[in-house]
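Note that chain A is present in both complexes that follow, paired respectively with chain B and with chain C.
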Partner chain A sequence: MAAMLEVRDLTTGYTDVPLIADLSISLAPGEVVALLGANGSGKTTVLRAIMGLLPAWQGRVVFDGQEVTRRAVHERVKAGLVMVPAGRRLFFGLSVEDNLKMGGYLTWESRLLRERMAEVFALFPELGKLRTHLAGKLSGGEQQMVALGRALMARPRALLIDELSLGLAPVVVERLMPAVEKIRNLFGIPVLFVEQDVLRAVELADRAYVLDQGRIAMEGHPKQFAQDRRLIRAYMGV
Partner chain B sequence: MLEARLSSFLREGQRLQVSAAAVGAVALAVVLLLLPNWLSGYWLRITTSVLMFATLAQAWNIITGFTGYPAFGNTAFFGVGAYALAILVTKAGLGIPAAIVLAGLAAAAFCAVIGLPILRLQGHYFAIATLALSLFVREAAANLGWLTNGAIGIVLPTLASGSPEEITRPYYYLMLLVLVACCACTWWVSVSRFGYGLRSIKADEDAAACFGINTTLSKLVAWVLSAFFTGLAGAVWALWITFIDPQSAFNLAIAVKFSVMALLGGLGTVAGPVLGALLVEVLTQAIWGAFYAVHLAVLGLAIMLIVLLMPGGLMQLLRDRLATAKRLLATPSAKESWR
Partner chain C sequence: MESFQFVVNGLMLGGIYAIVGAGFALVYGVMNVLNVAHGSFIMIGAYLTYWTVTLLGVDPFVTLPASAVALFAFGYLVQRTVISRVLHASIFMTFILTFGLDMFLINAGLVAWGGSYRAVRPSYADDVLIMGGLTIPYVRLVVLVAVVAVIALLLLFMSKTRLGIAIKATALEREAAQLAGVDVKQIDAITFGLSAALAGVAGGLLAVVLPFGPFMGVPLTGKAFTVAVLGGLGSMTGALYGGFVLAFAEIGGVIALGGEWADGIAFIILLVVLVLRPRGLLGKEFFAEVKV
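Let's look at the complex of A and B:
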């Protein structure tokens, strides 16, 4: 099957030292793929580079058959590549509804926005009750739901999720993780997600990459290397 | 169509606020149109100056209040507008209305050219770059003698003669027109998708890009709009004082004034900068009259006190008071009397 998202030999970084080098990953339609690795291994950088928030030095990013390597961030979003950033980055002074509305910026048509909001509230019934509440007053888990919902408002054709579990209690993560699966099953959106919590990620993903110092150290079916020592070593950085 | 789309976005309470604001705006418009009949020449000049600074503060509000880019160097566009008008009127012999509009467009075009590189900077770097820009344009105006008469300056024809009231009246109305246009534009920004985009750029530029906002273009359009109205105000100002030179047209003290006014009134609101301009200008006049020798020191002190006591600006203060009043009205219950 042709890949929805194809990253080929990508090299980039913030200063003049590459943080990720010759990195190749792919995401097939309907697939849920985990990107694992220790702190500082470059996971977030990979997502930022795919979105175009960080320009690629070398290599290509191909989305749905189109080369987007040199395209601006907003053009990639328009094409259907949408990211849920780490730490949620909501507008705390705005209501849940207005935060969701911002996610639908490219449409901004009230009928469509209402339709999509209803979908989000169907996915996260908790949010429906909180729609007029300020995002800043919600719990971490609820905020993460808003962040996921906001991304869905843009009608993504592929979703990148950066650290869903960041700063959340394990119980909350337990309830959020199934949402990722639902997103795939209900909307048929392939998901590439970065995760610290290996065991949970392994349960969820069809495939996983392990990133070590900016390079892919391993790739495969997560269950087959869940117990693998190499994974533990790469992940723990020992 | 537009109205239907708009109203569907505004919740009930907001819709009520909008109609109240519309009634207020009409009443205000009538008062402002009739005002020159009641004021002395002295107060008419002060009022015209309030209108001018309100425009500058409001224009600054678009790029700084909504978008979060502190463009202190907006004085560059004020000066460009003033010079463009002077040159178009004295050298090209253009009519006044056409010259004013073209002067605004000249400032906007200038901003469009220099905006792209400067808007790559953020925060303090951006602020300083805009200040440098203003100084650069002042030097250019002083040295391009064939176009600007250099340091000698340009003398402009007067529009009216007669009593002090009659002389000031046309400038009052021109300034009023510019301010109304600028406020209308800011109001549009405050309710449009474009404005939501600007506010999200202010809050978090990377996140804004991730919603599909073309951040580069949005910032540029915001600054170009700001420059356009600043240039219009500069053009009318040049007509009004009838003599411009580089020192007066590119005066950074103007930037201090309009930014204080906008901050005082409330950034990111439509009414705030106008209220701020009124307050500061009236305060300046009152203090100037009462403390002739040390009026600048007293004014500075007053501004410091105001900023310390209401950092969110007048609009925030009003909003808080309104919210408290509403809460008190809604719950006249045990809680409040118990307190």
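Let's look at the complex of A and C:
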């Protein structure tokens, strides 16, 4: 099957030192793939580079057969590549409803916005009652639901999720993780997610990459890794 | 009678300050630029109204939409060609650049129109409305109506339209806005254009009530800054309130202390607010976060 998203020999960083080097990963249609690795191994950088928030120094990003390496972020979003950023990054001063509407910014047709918002509320019923609340006033878990909902409002054709569990209580994470599965099943879209928690990733992912100092150290089924010592070393940084 | 005059003048001047300050705050909120040339956009608006009235003989209030459009285009172009170059530089670079732009515009005004003071006087300039023993200059009443209309339109635009919400979203979380598909560079230019358009309308309104010259914008930039700080820098609604607070403080101060204090009051307020409450008095939550 042709990959939905293909990253080939990607090198990039913030200063003049590359944070990721010659990195190649792929995401097939309908697949849920985890990107694992220790703190500072470059997971977030990979997602940011795929979205174009960080320009690629070398290499290519191909989405659904089109090369998007040099395209602006909003053009990639238009093509269907959508990301849920780490730490949620909601528009705190806007209502939940306006946050969701912003997710549908590229279509912004009232009937479509209503339909999609209804889908989000079906996925996260608790958000329905919070529509008029400011996003900044919500709990961390509720904010993460809005962040996922905002991404879904764009009708993604592939979803990137950066650290869904960041800063959230385990109970809340338990509630949110199944949503990723549901998103895949409901929308039939592939998901590439970055996660600190290997065990959670194992439950969720079809496939995983382990990132170590900006390079892919391993690739395979996460269950393999869960027992593998090399992974523990790479992941825990011991 | 006197208190009635006080309220009408305060509302009128406050509305103009609010419009000026809101534009200034919008630009700061979205692109972290304190636009020192904001006052010169007001000056251009005043001259646009003056010349349209003088050459075409139309009513000054009719010129406002046209000068809003003209100033929008001007602001949009200035952002795209000049301001966009310093967005990733330090805030001092934005100061130097907009200060230079201010100098340029003031001197261009001097060269083009000379230094003499001008005034826009519609045919009804001396008419007054007499209502139950109260006299209100007709012009001031129309300015008041125009100000209310502009603020209402602005609030409606910012809260209900796709573009308005996108501007707020970009100010709040630039990267998240990009990830939602917003072309933030376009939003920068549109915001700058909107800010200039508001300044242009304010200039047209000021031209009807006060004499003006090429330097009229200099104290107004200071006032825009004061208004924006009062409202919590970056908060547009805060600046709208801030405009009225400043106007009433100024008019009250002039009555209590004398006319020579008129321009000083703004800076006293600015100083006091910056020392005691740098986040502003009226800032709307989440909008007035100070960015470094």
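Note that in this section the second predicted complex is superposed on the first by the 238 of 238 C-alpha atoms of A that agree within 3 Å, B and C clash if a C-alpha of one lies under 4 Å from a C-alpha of the other, contacts with A are read in each partner's own complex, and residues count from 1 in each chain.
As a working rule, a residue touches a chain if its C-beta (ideal position, glycine included) is under 8 Å from a C-beta of that chain, and two chains touch if they have at least 3 such contacts.
Remember, predicted model here, so these are calculated numbers, not experimental data.
Student: Given the alignment on chain A, is it a clash or a fit between chain B and chain C?
Tutor: clash
Student: In the overlaid three-chain picture, which partner chain does A:64 touch, first (chain B) or second (chain C), both, or neither?
Tutor: Neither partner.
Student: Go through the superposed model and pick first if A:73 touches only chain B, second if only chain C, both, or neither.
Tutor: The answer is both, since A:73 touches chain B and chain C.
Student: Given the touch rule stated above, what does A:206 touch, chain B (first), chain C (second), both, or neither?
Tutor: A:206 sits against neither chain B nor chain C.
Student: When the two structures are overlaid on chain A, which partner does A:108 contact: first (chain B), second (chain C), both, or neither?
Tutor: A:108: touches chain B and chain C.
Student: After the superposition on A, what does A:136 contact: first (chain B), second (chain C), both or neither?
Tutor: Once the two structures are laid over each other on A, A:136 reaches chain C alone.
Student: After the superposition on A, what does A:53 contact: first (chain B), second (chain C), both or neither?
Tutor: both
Student: Go through the superposed model and pick first if A:154 touches only chain B, second if only chain C, both, or neither.
Tutor: The answer is both, since A:154 touches chain B and chain C.
Student: Could you look at A:82 and tell me whether it touches chain B, chain C, both or neither (first, second, both, neither)?
Tutor: both
Student: Can you pull the chain A residues that chain B and chain C both touch?
Tutor: Residues 51, 53, 72-74, 77-78, 82-83, 85, 89, 91, 101-103, 105-106, 108, 150, 154 of chain A touch both chain B and chain C.
Student: Please give the residue numbers of chain A that touch chain C in the complex, ascending.
Tutor: These residues of chain A touch chain C: 51, 53, 72-74, 77-78, 82-83, 85, 89-94, 98, 101-103, 105-106, 108, 134, 136, 150, 154.
Student: Considering the complex alone, what residue numbers of chain A touch chain B?
Tutor: Of all residues in chain A, those touching chain B are 51, 53, 72-74, 77-78, 82-83, 85, 89, 91, 101-103, 105-106, 108-110, 150, 154.
Student: Would you mind writing out the residues of chain C in touch with chain A in their complex?
Tutor: Listed in rising order, the residues of chain C that touch chain A are 162, 165-166, 168-169, 172-173, 175-184, 284-287.
Student: Which chain B residues qualify as touching chain A in the complex?
Tutor: Residues of chain B touching chain A: 5, 8-9, 193, 196-197, 200, 203-204, 206-207, 209-216.
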